[in-house]
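Written out below as structure tokens is the structure these notes cover.
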Amino acid sequence: MSHNTFGHLFRITTWGESHGPALGVVIDGCPSGIALSEADIQPWLDRRRPGTSRHVTPRNEADQVRILSGVFEDDRTGGPVTTGAPISMIIENTDAHSKDYDAIRDLWRPGHADYTYDAKYGLRDYRGGGRSSARETAARVAAGAVARKMLGDSITIRGALVQIGDQAIDRGNWRWEDTLDNPFFSPDAAIVEQWETRLDDLRRAGSSTGAIVELHVSGLPAGLGAPVYGKLDADMAGAMMSIPAVKGVEIGSGFASAAMRGEDAADEMRMGENGPVFLTNHNGGVLGGISTGQDLVIRFAVKPTSSIRIERRTLDRDFEETTISTRGRHDPCVGIRAVPVGEAMAALVIADHWLRHAGQSAF
Amino acid sequence: MSHNTFGHLFRITTWGESHGPALGVVIDGCPSGIALSEADIQPWLDRRRPGTSRHVTPRNEADQVRILSGVFEDDRTGGPVTTGAPISMIIENTDAHSKDYDAIRDLWRPGHADYTYDAKYGLRDYRGGGRSSARETAARVAAGAVARKMLGDSITIRGALVQIGDQAIDRGNWRWEDTLDNPFFSPDAAIVEQWETRLDDLRRAGSSTGAIVELHVSGLPAGLGAPVYGKLDADMAGAMMSIPAVKGVEIGSGFASAAMRGEDAADEMRMGENGPVFLTNHNGGVLGGISTGQDLVIRFAVKPTSSIRIERRTLDRDFEETTISTRGRHDPCVGIRAVPVGEAMAALVIADHWLRHAGQSAF
Amino acid sequence: MSHNTFGHLFRITTWGESHGPALGVVIDGCPSGIALSEADIQPWLDRRRPGTSRHVTPRNEADQVRILSGVFEDDRTGGPVTTGAPISMIIENTDAHSKDYDAIRDLWRPGHADYTYDAKYGLRDYRGGGRSSARETAARVAAGAVARKMLGDSITIRGALVQIGDQAIDRGNWRWEDTLDNPFFSPDAAIVEQWETRLDDLRRAGSSTGAIVELHVSGLPAGLGAPVYGKLDADMAGAMMSIPAVKGVEIGSGFASAAMRGEDAADEMRMGENGPVFLTNHNGGVLGGISTGQDLVIRFAVKPTSSIRIERRTLDRDFEETTISTRGRHDPCVGIRAVPVGEAMAALVIADHWLRHAGQSAF
Amino acid sequence: MSHNTFGHLFRITTWGESHGPALGVVIDGCPSGIALSEADIQPWLDRRRPGTSRHVTPRNEADQVRILSGVFEDDRTGGPVTTGAPISMIIENTDAHSKDYDAIRDLWRPGHADYTYDAKYGLRDYRGGGRSSARETAARVAAGAVARKMLGDSITIRGALVQIGDQAIDRGNWRWEDTLDNPFFSPDAAIVEQWETRLDDLRRAGSSTGAIVELHVSGLPAGLGAPVYGKLDADMAGAMMSIPAVKGVEIGSGFASAAMRGEDAADEMRMGENGPVFLTNHNGGVLGGISTGQDLVIRFAVKPTSSIRIERRTLDRDFEETTISTRGRHDPCVGIRAVPVGEAMAALVIADHWLRHAGQSAF
């Protein structure tokens, strides 16, 4: 994990700015012989795509992916498969309104990376946040789709939005299939109306809200993970915290563990029909950094969108005090589109650990 | 970051088991010319050392560190300094009671890595948890001390315990100097008596408790961090989650951000006497993965010690159902000794990013 | 260095096959603020381009490079500069004749990677060698051009062909400017006619020849290199050996050192006008893996092109014995176009070590 | 591969100086369940040990290795086996005569890393060369022994000295068993007497000589290697060039390939009893960076020992011109002891690629 590369054996390098000609990703280390075409990737990009409901940015990007390398359609194989060579994918930017950003050219938007990029690099591509834009996450989703394809159907990686503002779902209503039927990826159909009202109010007010995303990875065998610094949960934490606007990550009972007693927190074991079972899952599917075979459960907190119409105080690049009110097209709750991004990062971590485990278990 | 190596340019590799002859760390990439001797490291190890109060494990380890390489006392320099070669440090295990562990040889302790190590490796060093023991963190603290020495006095890295069980400190009482005067590293002197009572109760009951640690890094310049996958906060999250028993990490307002509105969460900017200042620090000193120059604020949750006397249900290695009650010497709240470990990991991340930033800014 | 990524801080990832739609490279870690446009890169690609003389492959590729990210033309800077974000470059394949390769679809060409790719990956993109094609080196040259731009004019990286077949140049005739005036990058103008005759003969005979390339890096300061496994010469050796068809690498006096005595091989030192000088350069500018400040001198051997018309014995994918005579468009001496590729790899190693040195010298 | 770490999945980090208290290595990534004790390692160290004949340095080091971690003797396994945790090994320095080095404290020895270490680090541990000493290679040999143990008996890694000065062996006399019976690891018994005479002469003259080492790796399957920058031959080249005093590396026909024609250089294929066979091995067992299943053949050139009694011109640290005549205990031909070191590096590269191949072939 370094700069723009993520992963060790299943390894992605992403590139591209919000308002450049295109963005993309190169995947290195993907095994050969895996059936793969654009059709395997596009549906996951469509889940993350802007413009799908009034609750996300109206920027109109088709987010059409093209595979430029690493896949070969051999007449002997009956369809395109990976060759073991790097898989390069590209997504063109088609609806970039760079003009919109002249107003912020010389301002540091509070809550954005404007000031820090200037501090680090001495300059910045201010158009839509440049490299710091959440648009970069499209490349993660494309790569995550390849990771899913490699992992196959026995491993399921699902995400859900479990809180918007201070309105949390009722866990008793949890139905995974409901996440596919509402614009919030909510597993609780009953809360959808409240959330719609809230987001409509926020949008009208020119404000925004934070949210919490929850991910479940099912079907993992016990044994994935690389103690002590490449622990499965440590890598998941780094992966999720690398998503724009994420401010917290927890595994299993997470922060609630602090208030627990040992006898409640330790997941007891019994024999089930197919081997060991755990009676609870406070550890979220990881012990000592290695998967237990239970569901991996990860939650992360997303801060409210920093681009808001409500006027805030800030500085310009000449250190003059001023104010800013961000117009243009923005998600009032970036947490929503963070759901498919979180899923993709989880898929990438699992794919990488799968190969790493194979690597360390070769004898 | 891979298996037992952490960091990229300031890079540590730790080794050793709880009940082996010794444990240690090799630091690679430390610049030359930094004054360094055992006396710079020992005080930090003493902070983490077991046996310092009745609230931590009574295992009696001197944790005496020896530097075996990478430092040279040249008569021209007037004292030992780093040479740029790898710094190897070793700490001998002197109070290992391996006999204590015969009882758990064939059992999987709930909440421990016993089952997962067996699943991954096909065998495990069961004595005191072997490699998965928190004893490994002594090596992190030794390495962290070298990182601090390199960073110098202008950067301060401090940790505090802010919650034990459900008893959180009163932030109005926060005084850093108080963390040095009580066995809990509590910044709120007023809560110490309650915590003592609670821990005495838990110890008598053979139970344990979780806790929350908070770290502040002060004195950082703006500009440290490596977007987009080597973000300063992403690396901090991975670092903290790699500490045994940690189940959650947050930066700045963390999970509370989810309930905030955009106008409250974005830290506004004004000019101060020495440059830009932020009116709040909800982002915890990081924007877009790069330091802002404010205090870096990190919190992490530590689950209750899994080794408890209270009987729990589990399996043995033959998959037979049984129960376990762990005797021996254990911390009733591993969160306490996690404070110096968290500080050390923060120091390591900062040291690494300092060098990485120098590397990317060389032209 | 891993799979398709080369370098640590100045880090490239290349992708693309000989007959896919395009090939490219992503550079990560390039400092910000460096003036960079396609015009800085294209001349280096033109040096390596096929079709420039009758002595190289007639495949007609424009090798036009496009920069897709990492560069920003700010009206404040007066021209495009790097931003510190990844630089993605793409080169389209325009003259791929995939049909030509049907004949080799099921054969393993001797001397090529056909058999080994099948053995490793279970399949291969047989069109023009797929990923194993020397066409991949165009991406290296593009990346090397960016490395040169970063290093600036004070560091000169030059290559020359010093031997074709058994015909070595006369070192007494060495003039760097002559390398620009003949199709062989020969520094000895007197040998050009002999080489032309030889290559014409080989081409008519359907054969090919090996060659030796020599590189000089001038203007380096003393102090670059990372002992003991990231030595400057070790990284150069790995870099050169990663170029297709390279079978040997040497530094300074190289293999001739074996026959030398200690008093002849050690480069003596004296004071020059601008500091220490060495009276000879048998060590090729490196001692203990660190640059001395002398010219870095590297030589590498390139085997004869494996694609020849002369019939050779081989197997097909069904393990049936057969023969092959390769038609199509091939370089009779791949060593010629290896000159700009070797220069590019040298530039990449130097750029990486420059940043690594800055990283380790930050205190 | 970075600074003092070598390898990716089978990964070693070495530390220690010539005249420090000890040197050592940490191996990370070794699979679990491999029987391993000091007795598996010591014989390989004994092969490289100084003081074994009059032709190597008389420094008297027992080079006794101790394993400090990563191995566990479980009563269920009947002997110590690896656990998958890092294997830390230490070798104490017992015959360091630091006093001998006062004379060179302020001088830069020609051909040594003295000047370059001072240039890079601003200071150096001058005692016996400090970190740049060939004594560091003991740690490589210890690690290589573990790599061999992991690879098992089906893979054989053997080295031989094939040239001292300008006296090359007669390849017609090659017998591997002879390498065990003379102090030069010569596979040609007939040349031993000549070499003894030559070395006696050189020692009396206070001079030294270069040499060439050849390595053969037998029993490899086809398919190991990671194109295009982690090619098996590229990694071997980097590995060998990282050995002190090595100035050139070649694979298969190496530099002789330059003078060959395509029809002679391409190794033709035929079917043998157990699968494909190659009629020659000019490519040295690698095509496209991937093993062919033939013997891997590597040669490397070692320069003459730089520490000689014959007076040479040099500078001191105040840039004053002076001369030096190195006394003390030195190998007149470091190439001899480079044989077991080269074997160890080859074993490490193979072990790493074995695990990497398993990692990329997991699906």
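In order of appearance the chains are A, B, C and D, and numbering begins at 1 in each one.
Just so it is clear, a residue touches a chain if its C-beta (ideal position, glycine included) is under 8 Å from a C-beta of that chain, and two chains touch if they have at least 3 such contacts.
No experiment lies behind these values; they were computed from the predicted model shown.
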For chain A and chain C, the contact-path distance works out to 1
Set B-D beside A-B; more C-beta pairs touch across A-B
With centres defined as the mean of Cα atoms, the chain at greatest distance from chain D is chain A
Chain-centre distance (mean CA atoms) for chain A and chain D, in whole Å, is 45
The distance between the C-alpha centres of chain B and chain D, rounded to whole Å, is 38
Distance between the CA centroids of chain A and chain B (whole Å) is 27
In chain A, the residues touching two or more other chains are 2-5, 14, 29, 33, 84-85, 117, 120, 131, 227, 357, 360-361
Per the touch rule above, chain B residues touching chain D in the complex are 2-5, 11, 13-17, 20-24, 26, 28-29, 32-33, 68-70, 72, 74, 76-77, 81, 83-88, 90, 117, 120-125, 130-131
In the complex, chain B touches chain A at residues 1-6, 8, 14, 108-113, 115-117, 119-120, 131-132, 136, 163-166, 202, 207-212, 221-231, 233-242, 244, 247-271, 275-276, 279, 282-284, 286-293, 301-308, 310, 312-315, 319, 321, 335, 357, 360-361
In the complex, chain A touches chain D at residues 9, 29, 31, 33-34, 84-85, 150, 152, 227, 354-363
